[in-house]
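Shared between the two complexes below is subunit A, which has subunit B as its partner in the first and subunit C in the second.
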Partner chain A sequence: MEFTVKEMDGGVAVVRLSGMLNMVAASLLRVVVGSTVAEGHPKIAMDLSEIDFIDSSGLGALIGGLKTTRQAGGDLRIAAPNDQVRLVLQLTNMERVLTAYEDAETAFSNG
Partner chain B sequence: MDDALIHTLRMSSPPDDVGTLHDLLESVWVDAPQLAVRDRFGFETALVELVGNVICHADNGSGVSCTLSIVTADNRIEALLSDTGEPGNVELRGREMPDGLSESGRGIPLIQALVDELTYEREGGLNRWRISKQLGGRPNSPASAPAVIG
Partner chain C sequence: MIDVDRSRTLETLLESDLFGVAGDPRFDELARMSLDMFGIDFAAVAMVGPESLWFQSRHGTVATSTERANSFCEAAIQSDDMLVIEDVTKDPRFATHPAVIGGPGIRFFAGQPFHSPDGDRSGVYCIFATEPRQLDSDKRKSLAGVGQWIEGEFLATDELDRAAEMQRALLPKNAAPITGYQIAGTCVPAKAVGGDFFDWYPIEGGLGFTLGDVMGKGASAGILAATVRAVVRSAARKKNVTVAVERTATCLATDFGESSSFVTLFHARLRANDGRVSFVDAGHGLTAVIRVDGTTQRLWTSDFPLGVMPDEHWSRHTVMLDPGDMLVTFSDGVLDLYDGSLAAVDEVAALARASTSPQALVDTIERLARSAAATDDVTILVLRRDQE
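The block that comes next holds the complex of A and B.
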């Protein structure tokens, strides 16, 4: 998995991931979220448009990131998941916890 | 299964990981173009979960060797996995998705939601897992997922 972090207006950080979000990549994702929050960006929009595949380890890392951001007074929102990611969210009953936005750069436009 | 196509993979973790499995599945999909995209990624998700669980939880520190056979036919796709890891001390019956903010515990319920059968047995010092999915069907809802112990 590869990633980039881009700071937007309002202090939102857009984290763009690519590749497989699986047990190999999960620990990296936790580090990326932790360091982004530590640098003063507790609002993270996670762009999943280039994630090809997710498993329950990757999902667990997203949930861990969600808790990390909320503990810092922010939030983690996901954007542009593909059909495989949507299926995993649906079957694990996580669609309401990790609501999918269309576009990462506007995921926090409503606050 | 008439006219079934079988792909076999032997892997040792470490150094192999689920990436090795993704590579094999790419060749399976090329050889079995009749599989719908939704069937492919549903089965791939279930199998990666299973192999990931084995690599993570069955390794006693000396690594795990696995033999995986994937059988594709017109109406079904199956995977037979045997591994040298610790006995799979896992309860398959009655598994439910954990609470929303739990970071683990979704692997087995997710497999059961994605395939029609998940079985496990310990035989000859090996763990033997089997998943089977009927093609063209819809994923099971988590609440109605079957839990079969072989």
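The block that comes next holds the complex of A and C.
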């Protein structure tokens, strides 16, 4: 998995991920979220458009990121997941808290 | 006196099950790297059978097995120590060996015996060259190190095998705990142990049953799966099906909060006299009732998995199993046996209708999982109410 972090106004960071969001990538993602929040960006928009596949460990990392950001008074939002990612979110009902936005850069435009 | 039949059987077993022709990727890589590391022409990991040696992984050689008697490897096994023959033509034991005077014309041999976790001599790591070679003290240390590495690998495999055995022991075995119903299940882990489990046990007036999928794969998921199974079971006497789930959630929050793991779970209680199933679905979403009338009803709720949100609650739902109806619950590894989408539910339903019994359906899914070499744990539990 590869990632980039783009800092935007209002404490929002856009994290772009690509490749497989699996057990190996999950550890990396936890570190990325932790350090982004620590650097003063508790609102994270995850751009998943380049994620090909997510497994349960990857979902675990997103859930962990949601907890971390919310504890810091922010939120984690996801954008542009593919069908496989959507199915995982749907089966686990995690779409209730990880709602998919169309575009990461505007995921926080409503606050 | 040697029981010939018994030793033949053992040889066959060794050949087919343990050291199959495919080789072991770990040792294949080792054999490949050995050519450069030692400046030699052939390398092999030879496993000892009662009469033969199997070259489990090899590079530069074509033989898959050889007679133990009079072989280079046997000499190393008998010495039970590193054996180095820098020029075999000067060694009276091997100067006239067929592989020396004929093809491939061996001139150099070194072998490092290795042992099983129980301390038995289990094989030899062998290197050969077609020219005489010196093996200096650094290379001898490397050769000994390779032997230790192989022993370490066998030990790790052995420990995983034991863990897998323990995990299998936790799965229910008695096939028909209540009259009027048939139940069957299987769990095919992607690795030696996995995070999926299923369970069933008698409760007052019926049957409790569960299918769970712990985040991740491997040993850590397996430990958590065993814990979840035990906590769910601890509520077997509680009539409300949500108690087991909430108890498990509390346990996860207190004991596993740090591991940030989560579990999806389908847990149910069947009332045998009328077929009423009360259930909780904690973010599992892969359960269906396949009706005798030809319809399929997917059971889903909007509840979260366990370990996701603090202070979460789970709702109790009910569904009736009429005579001939079948309830099927499975892990998401089953989706990957098909196209990875929810269309797999219909595929499983079609298989279910074509199956003569829950066991037959379970056997079919297990065969699919094993032949697909699934990358995720594949688990299924099937309960059918008998036709009246």
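General observations
In the analysis below, the second predicted complex is superposed on the first by the 111 of 111 C-alpha atoms of A that agree within 3 Å, B and C clash if a C-alpha of one lies under 4 Å from a C-alpha of the other, contacts with A are read in each partner's own complex, and residues count from 1 in each chain.
Please note the rule applied: a residue touches a chain if its C-beta (ideal position, glycine included) is under 8 Å from a C-beta of that chain, and two chains touch if they have at least 3 such contacts.
Here the structure is a predicted model, which is why all the values come from computation and not from measurement.
Clashing of subunit B with subunit C is the outcome of superposition onto subunit A.
Using the contact criterion defined above for the overlaid structures, shared-chain residue A:93 touches subunit B and also reaches subunit C. In the superposed model, A:60 makes contact with both subunit B and subunit C. Of the two partner chains placed by superposition, only subunit B is touched by A:20; subunit C is not.
Of 4-12, 40-48, 112-120 or 184-192, the segment of subunit C running into subunit B after the two structures are fitted on chain A is 184-192. Overlap of the subunit B and subunit C interfaces on subunit A: residues 23, 55-57, 59-60, 63-64, 67, 83-84, 87-88, 91-94, 96-97. Against subunit C, the residues of subunit A that register as touching in their complex are 23, 30, 55-57, 59-60, 63-64, 67, 83-84, 87-88, 90-94, 96-97.
For subunit C in complex with subunit A, the residues that touch the partner chain are 195, 213, 215-217, 260-262, 264, 283-286, 301-305, 308-309, 332, 335, 340-342, 376. Residues 20, 22-24, 53, 55-57, 59-61, 63-64, 66-67, 83-84, 87-88, 91-94, 96-97 of subunit A are the ones touching subunit B in the complex. Across the complex, subunit B meets subunit A through its residues 17-19, 22, 37-38, 41-42, 44-45, 48-49, 52, 55-56, 97, 100-104, 106-107, 109-110, 113-114, 139, 141-142.
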